[in-house]
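Below are two complexes that have chain A in common, paired first with chain B and then with chain C.
Then we have the complex of A and B:
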């Protein structure tokens, strides 16, 4: 039975990919199918967890999951068809962000409920186990999972017919996988139960793990960057708030300690803390749950039996949250070490002429208008400046420093549709390169004279000195 | 009315209030982060301007105060009940309660409890037993600290005013609302302290407004005229005279130079002319004290005279010195030390400092109590042939529950024997 399901799912997967990539060859189809497998496995895990969590609502969960997956795939395709590419990514990423925030709220409610005396904050456990609650949860999770799968497919034009066929293929694939999950669920021992909070953490962990392999859906790297900035701002505001004197009066070794709070590592470790805390809180909430009162039992052996059974049952419910921690760790690893190759050419040394102008031909050995990042290294008076020239998708040439105004100047690499800041892993859409602000590369004034791009050397050096060297000093422990 | 007040008190003192309020602020922070990189500063500005956000933030200190009241009442009730006095709603005070159809054989029960380290007190119809020290004082301190912290944050966020002024040696102390005493001396010296590398002292003479002679240091900042004096940067106050061949009448001005640390450039623009003078302090040889000029008062300024973008000449001159070349004349009759200082009117700082101290005290008190002497309590109330037993523990729950069960077994055994 499972074999038949697997065969049909492989067939549907190939159909799905072929429909989405109409013009690609067979090898591409195989490669993309392989890339989709982790996303489908994540969805399979989600369905399995939901089936376990909503025991007794198997048929509702299965049908809602299949429907949700199909809606997710086709809905995202329609979004890609109707809006610029960035919009569907923003929508799916926002949905992931909201689900992570929701998990945070649920985890805090869970810990408060299990440690408080007589506190009832969250009635979700009882309400969620209605058929409607189970169906909505399964449908929502599957919509997001389906959307992630679609974002993992390469962009291609689609007609109404291909959209219809895509829905049918996605439905067949979802059907095969959902019924495989149902079959597997029946094989698992009944003692492995899942609490509502455990189910939530597992579903969100699998969604985030699935999305972390796609650069534009990854949440962990932007989270780390925001934490780094947040900590920096907080430390600065804290010192201002309690009137701590400026750095010039404080010993350098103390500044070295304070400087640790301004580093990239703080963003990474702070991001990890925020990333893992919901799962750990839910595990702790289960661990802190009060054992049943056995004081009314007058036989010690019976008391011990009841307590042992309760402790065993509690341990079984801990399995899913603890496995979720592993899934979260996988997501963080995928985000920190993405398997994407960036276009990152070695900077070419370049000099200024007598008047201090740097002239780069648009069509020389290097074609500046090929849409790729072209890096240059300019040296003057013992100072080095890295910058790049790029033709944006809108056909505008832009000259920018190979650094932003926030992070240490680790530079940028180019991936599909975006450049990435190596320091904080923020993706900058190519359309916005050349605009100042945030983690965007710092734009530099230039002019196009005939077939050449002309940049003022002094402007370039000053721009590097005023913005980039200041950020480098801040990030390395100064103020 | 009484019921409404009770409901409000229960809601206001709920443990859920701080996470809910902080969660809302976190959501707001995330929302603001979409629009600006200066998220925290923007959020603080919103809170300052919005009554709703300030009221939302005020819920946390209010909640702390109500929890303080609630937990104090609970603590006093537990003390009363253990000493055998009547109290309403006893089950709410304990973790667990059991109803047994037996009356306790109190001397043996007390003996058993004493054997496992519990002190007991017998009254007419109850036996109370306890061991260890209550963590309530530490809890009380923690809640007071929390109250102070959030009150401080609320006051700081909503009412802080900051006025940046330049304090110049020999000039009256500039105050946000008037003029203070004359700044007699500004001293920068090396410090042997483990945190501060330097000490900065500003001595201010008595003022006409009744302020006595005052000395201001770095930390903790002193108050002057209701504001904290918060030194930020060092600089120089310069009086210069300049004349050029095309400006025979000359020009003289007082200006302040933000020229520290040495090497940093600041400039003075001669109004109505193409001239600009860029000043800097010479960078000491490697390993030398960077602020030696400020510390000793022996100040020599390097300068660069520009006419438009053209550098006419460079040179240096000490305080009181003069530089003349090609019809140009630059005199520096007076150079004084200055400190750019913020006058901060913010009483929230005091609360935040107090919170820091109280948290440390609470931690120092809580940790040994919780680790070594956790409070465990039992109460047996009996009425002819019925006994209700109650138990609670602040730590060491497993051992305590074992002792409680044994005591219950003993009570039950006596019923069987009778």
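Then we have the complex of A and C:
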């Protein structure tokens, strides 16, 4: 119940805060501070659950949580500071991904341990409730939480002094929150206990929930993307392995069916299956578990009491895997619909002059250098081409097709610090827009003549025809 | 000497201005068959309800099976009732659209989990093996009361309470029910407290107490 309450609080607060930030439309300090609230609340929940789970180790958990949070905040800041602009996010994201994978695996193992009778998975499991075990768990979860919180901050080039100040501020904040959690924990009745498995699931769920609300730390979309690509590659590899060049022999009506496999829905549901199948299998294993033998008990009422206790215990054990399924599903669902609204302007119709050149003034009715995505629609010879002009944060103008070479051309929207492919939901950092490859928008050659951006109309149409229209046919099941 | 299963000290129950049970001190040893007699309104059913955990006293102390019933919460009291007490009423209070065996299984359901084989065997013990699938309306008064006995003992209670269980029965059925209770008590070793107006029924007990206007006025041991 506590977990569900925390989950819903985090979600609703996150929505409110995001709306607030969007309303203000400015990255001022207040807006950023507000945006941190859901993450801090999630961390508060983690500390509370750990305090409850490691009853009797409250001081260790509190100290380790505070220390872990400060390490997470400063560590991520150092990463931001040490690497060039584009790299740190990959490092942070990978580190977080590995930590998540570890925590997720540990929680699944803990669930299994709590359900499989007499099976030991963790060596030295009894040490789990010792100060060292409690401290490590609290520290690890807090490092991840601290890193997630810091990712919400703008990646400013911080000096050593600001870094020090940030560490002190993080320490003070963590101190206040951890001791509030301790105070709340003391108010809760002793009958509310959290098992090791329940604790791990709750912590992972809250971390996942917190990270999924950060646009660039969303972990589920990449998973579904991988599934989608895996299915796509498998079909082609399978064809090639039986020496049938699929593109030549398979007719278009067959591709209409095979093409269904390459849809984003397959990626989404495939991702869900991978994500949830261990918890569901465990739930099923518990559901089909044999009840204890009561044949040796003479008195019927006693037999039934033992049986009822076993059924009740089985139901209680089912709660954790089922709850994990619910919270992971909620986080995955939220992850599929990032809470940030996209800047998605309607494409403006544009024409070429007699020499076939499209000329767009840099400073006219529209300011091309305002850092926003500006979409245009160019029609020639019955063909329609969508493209956009964008000034990257590095100050370079770029002209790109409103489509990539991989996905169906659903186009791009602009989010905070990135553009997003509407088809596969991949986020592309603004700094890499204009570079070819992958899910990046296909760059188009252009020139700047005086105060105008000039694009060759024929090049634009050819680029769209060669890279995009073929992709569109494949993705729609045509060939 | 056996321990007391029921111990009351100054047990009182008031309903507004009416004092249904005046301070009562009573001890019932484990395994005893206690008959409670008295006129209408003398406090017999009130005592029964208090001992069975169906009602709470206004004052005094009440321990049943070592449990202080005043200290129990509503949930605790419900658990006490389903685990420790079996009750047979004069009105049978059976579910009319359920069969005899289903009525017995209902008690199992509220206790722990239903077990049809055990419910059938309980009905066979009370001589109703041939009436398992009959609904209450298809059974005679004596047969219905025997279903109630099977229902009351199915959860192996420590205490069996009977609130005029033979009040609606003819002489032959009364004897049959009493003999059945005596037999079951010998096997299961539960304590019986039975409220009755009938001197002949009271004589089946080990001891009889007499209540008058909420006060214990007399008690006597049954000869033999």
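Here, the second predicted complex is superposed on the first by the 263 of 479 C-alpha atoms of A that agree within 3 Å, B and C clash if a C-alpha of one lies under 4 Å from a C-alpha of the other, contacts with A are read in each partner's own complex, and residues count from 1 in each chain.
Rule of thumb we're sticking to: a residue touches a chain if its C-beta (ideal position, glycine included) is under 8 Å from a C-beta of that chain, and two chains touch if they have at least 3 such contacts.
Keep in mind that this is a model prediction, so the values were computed, not measured.
By the touch criterion defined above, A:346 lies against neither chain B nor chain C after alignment on the C-alpha atoms of chain A. Legend: residue contacts after superposition of the two complexes on their common chain; A:303 is shown touching both chain B and chain C. Of the two partner chains, neither chain B nor chain C is touched by A:186. By the touch criterion defined above, A:311 lies against chain C but remains apart from chain B after alignment on the C-alpha atoms of chain A. One of chain B and chain C touches more residues of chain A, and that partner is B. Shared contact residues of chain A, touching chain B in one structure and chain C in the other: 300, 303.
The touching residues of chain B, when paired with chain A in their complex, are 14-16, 19, 23, 27, 29-30, 33, 37-41, 44, 92, 95-96, 98-99, 156, 194-198, 200, 218-221, 228, 230-234, 260-261, 344, 348-349, 352-353, 389, 391, 401, 404-405, 408-409, 412.
For chain A in complex with chain B, the touching residues are 97, 101, 104-105, 108, 112, 116-119, 121, 226, 229-230, 233-234, 237, 241-246, 248-252, 254, 293-296, 298, 300, 303, 406, 437-438. The touching residues of chain C, when paired with chain A in their complex, are 108, 111-113, 115, 118, 121-122, 154-156. Those residues of chain A lying in contact with chain C across their complex are 299-305, 307-308, 311.
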